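Some structures to go through are shown next.
One chain, chain A, links the two complexes that follow: it is found with chain B in the first and with chain C in the second.
This part shows the complex of A and B:
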C-alpha cells in the first residue's frame, strides 16, 4: 500500500490530461485497496463456509461501515487536514443531526399507532434538512467562541461540546416534554425509535418484485434493500468527496491551508481567518449531521450510548492511517481501518473457533493465566477471543505503531494536493516550455 | 505592482493604484499638500512592567524608502506590530492615508494597503511557492465557499485563477524564483524565503510595505538581489518602511531614516542629517566611540 502512495507523484506528473487522470488514478488506488480487502473477506467467508447470501451479507456490512466511516474521515480531513481545526467532537454533530431529524419527523401525538414517543410530524425530507441545519447551527455555536483558542484548546472544547450534547440527550428531563402544547422528547437514556428507512420501505412496497426475483435465484431477499441502501450511501460519499475536494482545490481551500500553516501570516495577507475557519467548520458539521441521519438513524433506533467519544477516535484513526491532508488517503485509510482493525478481530475469532476446536469459555484473566500455568494454552486463547472489543483496541495500537514507523505522516501524508481550481503544475510546465522555446529558438514554436 | 493589477476586480484597488502612480510621478502635483502616507503619533505600549514603546512619533512619505533603525530592544518590532495591528497601543494613534487605523486587526490594516513582512520569514511551508503567492490577492471570487463548489459558479473561479496564476508567475520571474514554483516553501533556503515573503506581500498590491529586517540571514549576493528589487519597486512608486540593523545599508539606500532608542524616536531625517547627530552614535555604540 505504501508503494502505491509514494508512486503517486511521478505517475501523475507523467500524465498529460492531468485532471481526468488524477481522478482515475485516485479512484484506482481506492478501488485496488477495496478489492484487496474484499478478496480477503471472501477468502475468510469461504473458510467459514458461507453460502452466497452469507458472503454478500458479509461484504454488505463491510461496505456499509467503510462508506460511513469514509464520510466522517473526509470531514475530519477538511477540518484537520486542510484547516488545522482539531475537531474531536465528531459524534456530537452526528447526534445533533439524527436526534433533530427524529424529533421533527416522529408522528404527532395521537396519530401514532405504536404509541411510542411523539414528535412534530414533519415530512421526512423536511426533517432531514432540519437535522442538517441543526448540526450546522451547533457547529457555529461551538466554533464562535472557541476559534480564538489554539489547536489543542479548541480540541478540548469540541470534545466537551459532544459530551454536552450526549448528556443533554440522555437527560431524563428531556425524555418527554411539552412545549406550546406539542409533546416530543429525546427518549432519554432509553433511546428513541427513529424513522423508517425509505429504501427499506421501497423494497417492502413497490420494489417487492425485485426482492422476489432475487429470492428466486436463491439469495436472501433481505439483501436487496441492504445493498440498495449501501449504494445510496456510496452516492452520498461521492457527493461529499466532490464537495470537499472542490473546497480544497479552490482559493477558499488555499486560504484554509495557509491558516493551517501560519494563521498570523494569513491575517497579514488581509484574510479574515476567523470567517474562513468558521465556514469550513460549519460545512463539515452539516455533513456530519447528515451522516448521523443516514448512519445511526437508519438502524431504526438511537440511544445516547451510540455517541460516545470512542467513535470519534475510530474516525480519527482512519484519517491518521491515510494521512491528514489527502482526501484519497482518508478513504484508503478508512478501508484499511474498517477491514483490518474494526471488523478484523471479529472474523479472526470466528476463524479460530471454526478451525481450533475450543470448548467452554474463560471469562476472566486470572482464569486464563491459571489455565496457562496448568499447561493449557487454550485458556488464554479463549479469554483473548472473548474480548473482541478489547482486542480491537489492542490491534488498533499495534497497527498504528507498525504503520507510523514506516509512514510517519500516514500512507498519503507526503502527497501534494495543490489548492487551486486549475491545474497549476500543468500551467507551470507550459510556461517553462514557452520560456525554453523562447530562449533557444527566439520564440519559435509554441 | 510589477505585473499589473488586472487581477483585482475591485474598483477600490485600481483607484489605489492610480493614486500611488500619481504620487510617484509628482507628490506635489496632486493639488493637496504632500501629506504623509503613514503618521505615527506618540505611541506607547507596555508589557507588564516594561515600557516597550514610550512615545514613538514619525511620518512616512509616499514613494520613499524609509529606514527604521535602532539598537536591539529599541522597540522597532513592537512598533511594527502596533502599526500592523498585531496588538493595540496603550495610547497614541496610527493614521494611514489620512484614516485612523489605530488598533485595527492585522487583516484590516492589510486590506487597507498596509502590508508587512516578518523578521523570521513566515512562509506557508506545506504549500508550494506558487500557492504561497496565489493565496494573497484580495477579493478572489473563489474564496466564497459555494462559488468554489457549485458547477455553474466554479467556471468564474477558474477564470480568475488563470489571471492570478499569470500574475503570480510574473512576480516569481521578477524575483528570479520561478524555478522554485512547485517546490514546497518549507524546503527553501532562508534567503529564498525572504524573497518569497516579499513577493507574496506584493501580490496584495500594497500601498505601503513594512519590511521587518528583510536582509537578516540573507547571503550577500541574495541581499544585493533583494535590494535591487526593492529599489526597482521604489522607483515605480512603492512606499517602504524598513527595519534594518546594517547602518551602511540604511545610509546608502534609504532616503529618510528614523532612529529609535529605548522605546522612543530619537531623530528623523536624511541619512546625512542622522549620521551627524551625536546621540545616534551614542545610542548605537554605547557612547564609547565618538
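This part shows the complex of A and C:
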C-alpha cells in the first residue's frame, strides 16, 4: 500500500501489540472497518426481521453507496489532499459525464420509443468515452483560468461552474433542440431517460439461467444483477485506487505533493506548477465523469435535481472523516460515513418504528409543537421520524463542524505523504534515536 | 489535513498561469484585455441601440429590465455588505450567509403574518406561514398597501433575526476557530449552511409559500408599453437606500465604524492601538446579519414567494457582487450587487431567461480572472 504510515496513530495506540501489527496493513484497515459495518447492518437486519433476500439487499445497497462514494472521495483526495485544489463543484463534473453519455447514446430521432428524447445513437462504449472526455474538457475549462486564484476563490469558481452546468441542463431551451439536422436534448427540468444498464441487460438475456438458479435457492432473483453490478463497481474502484496511488507515487505525484506543501519552492525548482495542477485536476474530473455515468446513469433516469450541492457536501464529509491526503483514509472515512451518517438515521427510524408502537401521523411542525405543548411528546417523534432524510443532513453538518473543531485532521490525518522519495524526517528521527546529540529539527516537508 | 496548504495568496508574478501565457502569445497584455472588454461592451451597446431603433426591443421593455435589475441588485448589494465585511475581517468566505438570509426571511415573514392576521387566525398557523395548507396568502391578505404595519414589523423582525442568527453562530462555531486557516473556516461555514438550510426544511418542509396578495402598482406609460412600478419595489428601494445610508453614517461618523475600518485595513495595527477586536467582530456580525435579514425579507417580498432555497440561490450572485466590488469594501459590495442585478436582468435582451443566473456567475468568473481585487481596486471599507 502506498501510504507511509507513521506509527502511533489514534487507532494503533489502543490496540494490543498483535492486532496493531495487522492493523498496520491498509487492506486490513479497510477490511476490518467494512466487516464491522457489515456486522452492524446484519444485526440491524435481524432485528428488523429481514430474510436472506432482505439482508442481501440491505448489504447490496450499503456496498453500492460505499463504493461510489469511495470513488468520489478518492478524486477529492487527489484534488485536495495531493494537489491542494479545493473543488466544491464535484456534482457538476458528474452531471457533465452522465448527460453527455446519455445524449450521445440515446437512439436517433425516429428510432426512439415515443415519449422519450432522441439522441445521437452512438454505441454505448463510445458514448461512455465521450462522457468521460466531456467531463475532462469541462474540468480543463474550469481549471485553466482558476489556477491563479486563491483557494477560496477557486472554491467559489468550481461551485459556480457546477451551478452553471446544472442551470444549463435544466434550461427549457435545451430540453429538445436541433443542430445540423440532428435532434437531441437534455430533457430540461423534467429529466431524461438514460441508457440501459449493461449488467441488467446481461442477466435479462444470456445470464438468465444464473438468475433462475439463484431464485431456485429461495433468494430474490433481482439481487443477482444488483450484486453483479456492485462487483463491477468494486473493480472500477480498485482501478481508480490503483490509478491514483500509482499517480501519487510517480514523479508526477511527487511534484503534486511538493506543490501542495510549497508551491513557490516547487516553482523555484523549475516545475511548471500550473501545468501539473491542471493535469491533476483533469484526471480527477474525468474519473468524476465516469462516476456520474455509472452512478446516476445506472438508475435509468437523471434530472437536474440529482446534482444539487448536497451530494458534493456528502463526498467532502467522507474525505474529512478519513483525513485528506490519505487514500486509505478516504475509503475508511467513506465506509464510516455511509454506514453511520448516510444510511444510519434511516435504519434507526425503521428500528424505532419496529419496536416503539406509534400511531397516527403528524404532517407539520406546528402540529408537532402543538402536541408537545399539550403534553404529548409522541407528535414530535412522529414528525421527526417522517423527516429523517432532512435531519440526516442537519446532523451531518453538526458532525462536520464538530470534526473540524476537535479533530481537523480526520482519522488518518496524521499520515504525511512526503514529497521527496527519501524520508528525511525519518533519518533525523533515527539519528535522534541513536543518541546523536545535535538534535536537528525535522526537515521542511510540513 | 488542512494544515498542509500554506494559506498565502499567490503573488500574481509567481504563478505564471496559462492565462498569462495566452496573454503573452496573443500580445494582448493587461490593457489589451481591458480594450477587448470595452470593445465587447461597445458592440453590445450598439446592438442595443439597433434593437431599439428596429423595434425588436421596446423602450418599455428595456426600462422594465433596468428597474427589475435595480431592485434585484439592491437586494444583492444589501446582502453583500455583511458578506464582504466578514470576508475581509475574518478572512474567510462565509458560505452560510445565504442561509442567514433564508432563516431570517422566514422568521420575518412569520412575524408579518402574525401581525397581519392577529386575532383572526391561529397564531401557530400564522407564524409558520400556514405550512401544510392550514392557511393561504389570500386568507391573510398581506401586501404593502393593505397591511403596511405588518410589512414594516416583519422587516424589523427579519433584521433582528438575521443579527441574532449571525451572532449566535459566530459564538457557537466560528469564535473558537478564529486562528484557523481560511479553508477550515470555509468548510465549517458550508456545514453551518447545510444545518440552517435543512433545519428550515425540517420546520417548513420543501413547500414554496405564496406570501402576498397583489399590491398597488403604478403603470408608467413608455413607448411600446407600460412599466409597472409596484409598491413593494418602491418600499424595497426606499428601505435599501435608508439601510445603506445608515451603514455609511455608521462607518464614517461613529467610533465603532472607524474601528471597523481600521480592523479591515490592518488587523494587527488596529489591535496594537487598543481596538477591542472581538467587540468589533461582534458588531460586524450584527450589522452584516441584520442587513442579510433585511435582504431576505425584501427578496421574498419582491418575488411574492419563499422557499428554503431563497438564500442559497442568491448566495452565488451575492458573492459575484462582493467580488466585483472588491472584498472588504462596503460601497463596492453595494455597487457590485446593483451591477450584478442590472447585468442579469438586462442580459435578457440577448439570452433566454433560463440563463440569467449563469450569466451572473460567468461575469464573476471573468472578474476573478481579470481583476480579482474588484472593479474599484480593492480599497477597503
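Convention: the second predicted complex is superposed on the first by the 378 of 446 C-alpha atoms of A that agree within 3 Å, B and C clash if a C-alpha of one lies under 4 Å from a C-alpha of the other, contacts with A are read in each partner's own complex, and residues count from 1 in each chain.
Convention: a contact is a pair of C-beta atoms (placed from the backbone, for glycine too) under 8 Å apart; a residue touches a chain by one contact, two chains touch by 3 or more.
On a predicted model such as this, the values are computed, not experimentally measured, just so you know.
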{"item": "Which superposed partner A:131 touches (first chain B, second chain C, both, neither)", "value": "neither"}
{"item": "Touching partner for A:119 - first (chain B), second (chain C), both, neither", "value": "neither"}
{"item": "Partner chain(s) touched by A:428 [first = chain B, second = chain C, both, neither]", "value": "first"}
{"item": "Superposition-derived comparison: chain B or chain C, residues of chain A touched", "value": "C"}
{"item": "Chain B versus chain C as contact partner of A:398, first or second or both or neither", "value": "second"}
{"item": "Partner chain in contact with A:367 - chain B first, chain C second, else both or neither", "value": "second"}
{"item": "Partner chain(s) touched by A:253 [first = chain B, second = chain C, both, neither]", "value": "first"}
{"item": "Partner chain(s) touched by A:153 [first = chain B, second = chain C, both, neither]", "value": "second"}
{"item": "Which superposed partner A:86 touches (first chain B, second chain C, both, neither)", "value": "second"}
{"item": "Touching partner for A:261 - first (chain B), second (chain C), both, neither", "value": "both"}
{"item": "On chain A, positions contacted by chain B and by chain C", "value": "260-262, 264, 267, 273, 325"}
{"item": "Chain A contact footprint on chain B (complex, rising order)", "value": "84, 86, 105-108, 110-111, 115-116, 118, 122-128, 130-132, 134-136, 138, 140-145, 148-149, 154, 157-158, 160-162, 164-165, 169, 178, 181-182, 184, 200-201, 204"}
{"item": "Chain C to chain A touching residues, read off their complex", "value": "1-7, 9-10, 12, 14-20, 92-93, 124-125, 127-128, 131-132, 134, 173, 176-177, 180, 182-184, 186-188, 190-195, 197-199, 201-205, 316, 319, 323, 352, 354-355, 357-358, 361-362, 364-365, 368-369, 372"}
{"item": "Chain C contact footprint on chain A (complex, rising order)", "value": "81, 84, 86, 88, 144-153, 155-157, 159-161, 163-164, 167-168, 170-173, 260-264, 267, 273-275, 278, 310, 313, 316, 320, 323-325, 363-367, 369-370, 387, 390-391, 393-394, 396-398, 400-401, 404-405, 408-410, 413, 446"}
{"item": "Parts of chain A lying in touch with chain B, wherever the complex brings them together", "value": "243, 246-247, 250-255, 257-258, 260-262, 264-273, 276, 279-280, 283, 325, 416, 418-422, 424-425, 427-428, 431"}
